[in-house]
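Below is one structure, written out as structure tokens; the observations come after it.
Labels run A, B, C, D, E and F following the written order; every chain starts at residue 1.
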Amino acid sequence: MVTVLDDLTRERLKTVSVATLTTLLFKRGLRNVFLQSVHPVGPGLPRMVGEAYTLRMIPAREDIDVLEAYADPAHPQRHAIEHCPAGQVLVIDSRKDARGASGGDILLRRLMVRGVAGIVTDGGFRDTPAVAALGFPAYHQRPSAPVGPIWHHAADTNLPIACGDVAVYPGDVMVGDGEGVACVPAGLAAEIAAEAVEATAYEDFVEAQIKLGRRLPGIYPATAESRAEFERWRQGQAS
Amino acid sequence: MVTVLDDLTRERLKTVSVATLTTLLFKRGLRNVFLQSVHPVGPGLPRMVGEAYTLRMIPAREDIDVLEAYADPAHPQRHAIEHCPAGQVLVIDSRKDARGASGGDILLRRLMVRGVAGIVTDGGFRDTPAVAALGFPAYHQRPSAPVGPIWHHAADTNLPIACGDVAVYPGDVMVGDGEGVACVPAGLAAEIAAEAVEATAYEDFVEAQIKLGRRLPGIYPATAESRAEFERWRQGQAS
Amino acid sequence: MVTVLDDLTRERLKTVSVATLTTLLFKRGLRNVFLQSVHPVGPGLPRMVGEAYTLRMIPAREDIDVLEAYADPAHPQRHAIEHCPAGQVLVIDSRKDARGASGGDILLRRLMVRGVAGIVTDGGFRDTPAVAALGFPAYHQRPSAPVGPIWHHAADTNLPIACGDVAVYPGDVMVGDGEGVACVPAGLAAEIAAEAVEATAYEDFVEAQIKLGRRLPGIYPATAESRAEFERWRQGQAS
Amino acid sequence: MVTVLDDLTRERLKTVSVATLTTLLFKRGLRNVFLQSVHPVGPGLPRMVGEAYTLRMIPAREDIDVLEAYADPAHPQRHAIEHCPAGQVLVIDSRKDARGASGGDILLRRLMVRGVAGIVTDGGFRDTPAVAALGFPAYHQRPSAPVGPIWHHAADTNLPIACGDVAVYPGDVMVGDGEGVACVPAGLAAEIAAEAVEATAYEDFVEAQIKLGRRLPGIYPATAESRAEFERWRQGQAS
Amino acid sequence: MVTVLDDLTRERLKTVSVATLTTLLFKRGLRNVFLQSVHPVGPGLPRMVGEAYTLRMIPAREDIDVLEAYADPAHPQRHAIEHCPAGQVLVIDSRKDARGASGGDILLRRLMVRGVAGIVTDGGFRDTPAVAALGFPAYHQRPSAPVGPIWHHAADTNLPIACGDVAVYPGDVMVGDGEGVACVPAGLAAEIAAEAVEATAYEDFVEAQIKLGRRLPGIYPATAESRAEFERWRQGQAS
Amino acid sequence: MVTVLDDLTRERLKTVSVATLTTLLFKRGLRNVFLQSVHPVGPGLPRMVGEAYTLRMIPAREDIDVLEAYADPAHPQRHAIEHCPAGQVLVIDSRKDARGASGGDILLRRLMVRGVAGIVTDGGFRDTPAVAALGFPAYHQRPSAPVGPIWHHAADTNLPIACGDVAVYPGDVMVGDGEGVACVPAGLAAEIAAEAVEATAYEDFVEAQIKLGRRLPGIYPATAESRAEFERWRQGQAS
């Protein structure tokens, strides 16, 4: 897979909020880009930006999904842990089922050591107290101690999947902050990132005005006048 | 794909209940073989038996999932309609989301004309009054009029999928009756079918005894004595 | 257990609707007497009236809940089938979990032969095509083919339970019609039954008036005038 | 409110399926027009077409929502029953809560006598065996015997509401068939109805072709060639 | 709207727990006053007390709910932000749907600057990391980055609404602590506040006794003796 | 009840994670031992280990479940608070219904003073800010301010129950950490505890190796070689 994220885009996406990205994607007609019921595994984790490398789970079957299956390095979950490229995000379709874990602290530490940018599941992680302490961006639905094969069979990697009711195509750019995770289609990432930096600057201006007691109408949403005023304010900030 | 169903097995599976199959699979350690919240689209439909040919849906994305996409014969949903082999069952993973349809009467009629054995989704069908009148085995969660691409993107065919919280591997034998659908792993189908015919005969014997006022203990579950009695009863029935 | 249902009360309860009973119980401050998401297993079943004999399920555990456990006549589910008194209703607390069956056609036929008045679960029955054909009042959430011990352990009988989010105490009077099931506290059954017959007669009067084109205000709810008019109408009906 | 439905539009809408309407509305960018989890109260009911007259429920409060409140003719539920215009559809926002009834057989019969075109709730009706026998188009989530004020307070009439997760504005055209209910925005009703008649005719042609063994590609979706062929077929049908 | 909260009542309500309020309201027959699944947006926020000013959302429609609609100062959401009186609480009925935001940090900061007492939704807020840092009482279901109009249409202000399955009438007193939010009917606020202060003092006494190793029976619930003992204890505390 | 927990087992269980326990129980065929959707009431609570003493709730009935019922020391909830043995864990079956509280700070403080090891419910606690500050292991679904009898009736103590969809038999060993709670069948506790200590030591070795950059295959899952290496590592650690 070719990397779609240039350094500038990656850095820009680290400075804007997931909420701002959803607004800009909605302006392009994309309504469903925020992963529903997917939360950071703990407070204070670093921002996450990286292309999606996907892993797909189907329900377990007792004769197939035994602990011994993990001994095979080709097991798709273990394959994903070792092959998700550095700088990318491992995104797991767990069918929103958090009864069994999508992974635990050992696997997540290995991803972190390998330079992977983060991990996302719409199921749950196990060993979450340890996971939260790793300082590695990890997003899930809720803690799930039971070992994965009780409920999940890792089927394959790097196909388009569902995660948190959102379509995730390999290579889409996953962005996570303290609120959750957005999936930015690969082809839109650079232009959305640039636009988001501008939108964030304008919102900083609005925040400053509101602190001064100003009313919303006339500045939020922006008008031609307020945009001009913003440009003057921005220059004042910069100087 | 090689067909796994010999004629004898297929005929046997048409005479036994889905409930009986789940019991025999449980005896082999398989607990999760009945598709949850998947119902016949109407009453009085014929029994369904056939190998699974699968279709996988992920959530729709507005720029990809437009009605025009159906014009491409390679569109996975349309491909599945034309390529699911006769005698097999088209099983659709709709992520249990019935907000948009997994198919409608025109597609189902085409499957029926082609000799396909049935269709199953854990989402919903549209045109359900017409579908129920087709006389074609069709199982879903609930009626869903909205056209599929509003919520679903057909991603690929004949991979292992989830359907109704059950793992379905291509080639597994799907059996449906008025109660719902069981997924019998391909390798077990022949032996389960033979065993199910015997179990059904024994249950007929039990039903007959209960109508005569007999108590459950001693005949249900079977004992060595009741099995002997059953054999005599069966010979009497046959003569 | 002493029977609480005299013949007159039983007969009266067979002629009134479950909806009417819920209204009269609400007048006495009881808001939660209709079993939620519990439906007749098929259309056209006879009315059900009888005292509750309860059976309680907890989740299964793999080492305890094996098919062989049914061989013990003291197994609470099998005990209930043989000991629920004639004229009473077997009410099963399945924790609203329909993934595994609360019973099937053989057990229900045995109950019917024994003169039991009906069966209710907030889980599901198996063999539902056969069950619906029995002509025995049976209420559940949805069909559930998997054999019970996969998900349920029968724990004990005739304790107070939850069924469909309603408290059911042994001896409470369970009344079922085509709409569902109400639980009438034992001590209120006789007076509620008498009152329900009267309320039903008044509603028949209202229906007749509405067919004649009359407006609701002034007759529904009743006024002193409309009650007097009802009495005249009723005498006319009777003559 | 001015009626938005001319006779031709009303008649056309009675001949097309709800599924077809959702497709045409999707072509105009409207994705969410089918009321989710709202079903006909029984089989075989007449088609429903009429403008929405709305009623809004909020949760009950014990000191306000007593049975005596119904005695007031200005009570919004009773007001709606007497004031929903003939030919229109009473649409009730019950917040998808079917624990208490949105209405019962007496109220529905009164609506029918008054010439109202149908009733829709995303909660449940009571007296559903009698309601199903009325022959009056009635759509709900599931039967709900408990009298309404236990859970619902009728707040007001003819405001925009939610029903089955769909926005319904007074005057929107509600169309119901055996599958469920679509909400057609008032301003689109006439053109959608005309277009739906044409789409239905084309689908009849497709059905006929499929019965003859024809493949989907090339006729479904339509091509310029298939449209021309359809026109010839249609003329043949008409002659 | 006339303010219903005198200063004494407001101050008293800031010192008692939401749990205590629900007990006192239950004593008056009100069972449903705690907003279900509505949580503080973060830890350590100040207590919230104020009269309800309501905003009602219905589902979005694509042709109506566009970002440009916010430019209209009469847009009900923006109107609410500018017109909810100081000292009151903005309560939003989002139909328990957190897929799209009910508001974000800019709007909440404006409310805070205006002296509004807090904000409550049964949907979700966006920009929640920034919102949690505001120090403004804000309660929701879960974080929701997507901009509101994707899923919600702001319909009107200051009508009775549902929030978290509870009826909220404009002017009812909303009280929030670290546990959640209670809705105290306007007419009961003063007397409930006074009673709650007393109940809290008694509970402090019970806590002190339990720390000393005392058993619950005899002091919790209170008896005549324990009340007398409490009065002596209280005088001792005060001296 | 005889205590099943010897001091060594108790101490061992305090040093291992709930996740590790679920893995070892899965190896013995037990798939369903982690209480679903049950979380610590706050961060930083001490580990919990103790035998289950159970309390069972059914739905409330308005004429039975009044606040005055608590005055009876034999009330099962109050009985449980005074009789759950020191060192054991009070486990409450609240049918996963958090609309009304399973207990509050006064009851939990009494349990703590009495030396009880912790409390678990699949409903919710009230006074949760105070509860979280107690430093007492308490696990629930979500905060629930409403007093219990609005929704729950305490039925009986020390019967087998469901909690978080898991079967809990009195005497089973409940183990809680920051992730949640596992139920270890009484007869397996000692051997599982011993095995868990070993498994934890091996996982510490794996963590150490991964920090050094080692790949998962060959050490996780363990091989004969990696086990030998682990033993050498362990001796090095110990020296």
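Basically, contacts are C-beta pairs under 8 Å (C-beta built on N, C-alpha and C of every residue); 3 or more make two chains touch, one makes a residue touch a chain.
In this text the structure is predicted, and so the values were computed from the model without any measurement.
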Taking shared numbers over all numbers used, above half giving same and below half different, the chain C and chain D interface sides are different
Rotating chain B onto its identical copy chain C by a Cα superposition takes an angle, to the nearest 5 degrees, of 120
Rounded to the nearest Å, the gap between Cα centres of chain C and chain F is 37
Note: chain F sits from chain E at a C-alpha centroid distance in Å of 32
Chain B residues touching 2+ other chains are 31
Those chain pairs meeting the touch criterion are A-B, A-E, A-F, B-C, B-D, C-D, C-F, D-E, E-F
Note: in the complex, chain A contacts chain F through residues 67-68, 70-71, 73, 78, 81-82, 98-99, 101, 104-107, 109-110, 113, 126-130, 142-147, 149-150
In the complex, chain E touches chain D at residues 28-32, 58-64, 95, 97, 153, 155-156, 159-162, 165-167, 185
In the complex, chain A touches chain E at residues 17-19, 21-23, 26-27, 31, 33-34, 36-37, 39, 177-180, 182, 203, 206-207, 210-211, 213, 215-217, 220-221, 223
